[in-house]
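Right, I'll just put the structure down here and ask away after.
Order as written gives the chain letters A, B and C; numbering starts at 1 within each chain.
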Amino acid sequence: MKSTRTQPNLSDIASRLGARLHGDGSQRIVGLATLKDAGPDQVSFLANRAYLKDLPSTRAAAVLLHADHLDACPVPALVLDNPYLGYAELSRMLDPQADAHQPGIHPSAVVAEDASLGADVSIGPNAVIESGARLGDRVVVGPGSVVGADCEIGEDGFLHANVTLYHGVVVGKRVILHSGCVIGGDGFGFAHDGGGWRKIAQLGGAVLGDDVEVGSCSSIDRGALGDTVIGNDVKIDSQVQIAHNVHIGDHSALAGCVGIAGSTRVGRHCMLGGGVGLSGHLTICDGVQVTGMSLVTNSILEPGVYSSGTGAMENSQWRRNAVRFKQLDSIAKRVNRLEKRGSGEA
Amino acid sequence: MKSTRTQPNLSDIASRLGARLHGDGSQRIVGLATLKDAGPDQVSFLANRAYLKDLPSTRAAAVLLHADHLDACPVPALVLDNPYLGYAELSRMLDPQADAHQPGIHPSAVVAEDASLGADVSIGPNAVIESGARLGDRVVVGPGSVVGADCEIGEDGFLHANVTLYHGVVVGKRVILHSGCVIGGDGFGFAHDGGGWRKIAQLGGAVLGDDVEVGSCSSIDRGALGDTVIGNDVKIDSQVQIAHNVHIGDHSALAGCVGIAGSTRVGRHCMLGGGVGLSGHLTICDGVQVTGMSLVTNSILEPGVYSSGTGAMENSQWRRNAVRFKQLDSIAKRVNRLEKRGSGEA
Amino acid sequence: MKSTRTQPNLSDIASRLGARLHGDGSQRIVGLATLKDAGPDQVSFLANRAYLKDLPSTRAAAVLLHADHLDACPVPALVLDNPYLGYAELSRMLDPQADAHQPGIHPSAVVAEDASLGADVSIGPNAVIESGARLGDRVVVGPGSVVGADCEIGEDGFLHANVTLYHGVVVGKRVILHSGCVIGGDGFGFAHDGGGWRKIAQLGGAVLGDDVEVGSCSSIDRGALGDTVIGNDVKIDSQVQIAHNVHIGDHSALAGCVGIAGSTRVGRHCMLGGGVGLSGHLTICDGVQVTGMSLVTNSILEPGVYSSGTGAMENSQWRRNAVRFKQLDSIAKRVNRLEKRGSGEA
């Protein structure tokens, strides 16, 4: 499993990133590290001024940074307008896992005879590929993962271990699905018959665009009628719940523990903080950010930043304030009366 | 995996649903769709007045609706007092997955010799049935699912792929468990010895009634002493956490991301919105609804609707209000003083 | 799977717990139960005064209790200063699952040739141990679990069914990982290139100390650079999300549905209630407790109890108060003006 790739030198890296190299380019590089931790065969980066204090003493082989900080850099520098973006690219270039999966089907995997497998797919031990599934070129299916009947996975898709796709799920190109996530499970639909619940079969599907990533143990349910749709380049963290018939626009990002109820539509380039909850049947327009653990019960039709809740405080102080919250309407009315009295109206 | 069932015509459907058919009954039906999307071989339904606007232009083969809307229907109609309930039944009738699983044990499944299997069970690839487990007639165990030692699963139970039951879990009839859910894991019990934690073995069980459904990636822990008990016809969505020794009454429904702490008892016919949290050792009586993301720290002894929290607002407005929350007790006291002053008491 | 251990009698138990036995020690004991439910071959305990009312009528073989309650005990007693701690130890002593796993590798498991297995390991059906993994003595890997390449699991580790460890995860001794949990998945790291997201490879690891327990369906992500670190004796409940580069200090406990964003450091002996959310890049000092569903957006540098939010109330009352929350800054300013007016300043 160890990578056998040749180690790039600083000149190779500068060329790959389109960076201007200041200093000698011959040093071979084995990895990335923070300014504080980097050793002489590692590259570091400066993308946040909070870490500027660590620059003068860094022992990195070189630092990715903006031209503004070149003078303060005691080692060779790779100059870029957006060092954070350079760090992202370099992290992928130096990832020892990038070539960890060899093509081939492990003998313990169970692949339906009529499944269609592209070139150079990798199917791990005890994975299951059901009837009619179609996997694009270079798709990786990790150990224990299950690809349901008639699923489609675009080229370069990567399912880590123990991922589950229900039947008929459609996944774009270069999608990454992390362990324990479940795509295409039944939406939560029941009709009440007066005494109890009658299940509504979930007849729709789940469609993920290109370049989607879904974190570990997240759930994306299939539609009741019509599909649940995740746009291109949508990034979904761990422990997220996306209910039936939700649509998420391209390039949106959902942090951990987000929950979105049925049929809500989130626009493009939205960002939902950790633990945010969206009620069902809402419209959230493009360019909306919602801060952590906010509850959104109404549609948002203007781009911007939205929040709810209150931050933590010391418990005895909180108790005094929280009990007053239950009196808030009464307090407001009393202030109204006081104002009227003061102005001679009372 | 494709369904081979014969397609019903409208007369068949009317008879099955107990609906009054207006129009020709000979059209064969292949599926269900919304009023907007339905084509000439699909049935649609009108159960929510918000969609009445789509009725005049529908191209559906027929529409399930209440007699009140019959006159506005441009196509054949299936008249029912409760069209939503009719939709639920029809969705199951037309579900192409309903007969997707053939009886049989996949050769890669690992079934303990002393497990007891009912008639026509279906055990998927790489599933594991441990010693002493008993599966009722027609139980389906999906690929990669694990049924622990001495579990009991009632007839017509359906475990999707990658479900986990710990040892001794008891599941009623017609239960549906979605992928990634875990039933019977250890409750979170530790005693503090002054320096650190000592585990309390979780010796109880987990018992699910008939007609229970549990969503993907949900956790229902086993009891510490005595059982965690989920009543009949309880519907649990995805990403839900139910702690040890919780009891949920019959016909209750829990939306996504709900968390219930240990030993709390929820009554019958309760509905918990998405992300609701219940503290431990509470009693929630029958017929309680709690709205999304509310925190319940006290028992609720009267049926009704309960809520907490505040809805999202624009961030700069929110900041101004949230900071005042920390002053709320002080504001309330100052209003008290102003009132006393105004009334000549001060 | 049935335990074949010999049943201890009360004298054996007293000796094991270091308890003072009052009464006859010959009774054989098969289990533990509450004061109300215990029968004549079960031990019970009294650790909470709320249950003192059940003591006089108990039919238990014996009761673990503090000397203060000895006089009220109608049956033999096992006297300890900390009966709850005694209960914890006795629960483990009487756990019929404690010896349920026999050493050996199930023939359906897939174990890499270069994996290193300690003495008496137990590898369940369809488990996967990848290349270079090292398992200590007596490690148990449950059915369907996947241990990634180059992982290390210390002695007496217990992975229940369907656990996933990504590559290179390091786990201490006596660690318990529950079904569906995922350790070492990618952290949520992306750089924005102006149009969309570019993945940041997550090159760090995940390191769990000794005596850690992780609940079902929880996620602990690997670090971006450097490791995510879970200290010794940290107890993590179900449905928890721990993001990249978080550090949790020794002996801390996290209840269900907690979410911790990237790079936050939680101290030793902290307790986070169910559903608590911590923002990223915070410092939480030792000895902090946060009550359920609180949102923490600032570092906490003093030990103590912290809270946010408001408890649930009847919905119509809540609506009136919640709408006033949006006016709270205005109300506060109006109170300021009223005070100035009353004091002659206005």
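Following the convention adopted for this analysis, a contact is a pair of C-beta atoms (placed from the backbone, for glycine too) under 8 Å apart; a residue touches a chain by one contact, two chains touch by 3 or more.
What you see is a predicted model, and the numbers here were worked out from it, not measured in a lab.
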Copy pair chain A, chain B: interface residue numbering same or different (half cut): different
Rotation angle superposing chain A onto its copy chain C by C-alpha atoms, nearest 5 degrees: 120
Distance between chain centroids, defined by C-alpha means - chain A, chain B (Å): 25
Residues of chain B engaged with two or more neighbouring chains: 108, 126, 144, 162, 180, 217, 239, 257, 275, 309-311, 313, 325, 327-328, 331, 335, 338, 342
Chain A to chain C touching residues, read off their complex: 1, 31-34, 37, 82, 84-85, 87-89, 91-92, 94-98, 100, 106, 108, 124-126, 142-144, 160-162, 176, 178-180, 211, 213, 215-217, 232-233, 235, 237-239, 250-251, 253, 255-257, 274-275, 292-293, 309-315, 318-319, 322, 325-329, 331-332, 335, 338-339, 342
Touch list for chain C against partner chain A, complex: 108, 110, 126, 128, 130-132, 144, 146, 148-150, 162, 164, 166-167, 180-182, 185-186, 188-193, 195-203, 217-219, 221, 224-226, 239-241, 243, 257, 259, 261, 275, 277, 279, 290-291, 294-298, 300, 304-311, 313, 317, 320-321, 323-325, 327-328, 331, 334-335, 338, 341-342
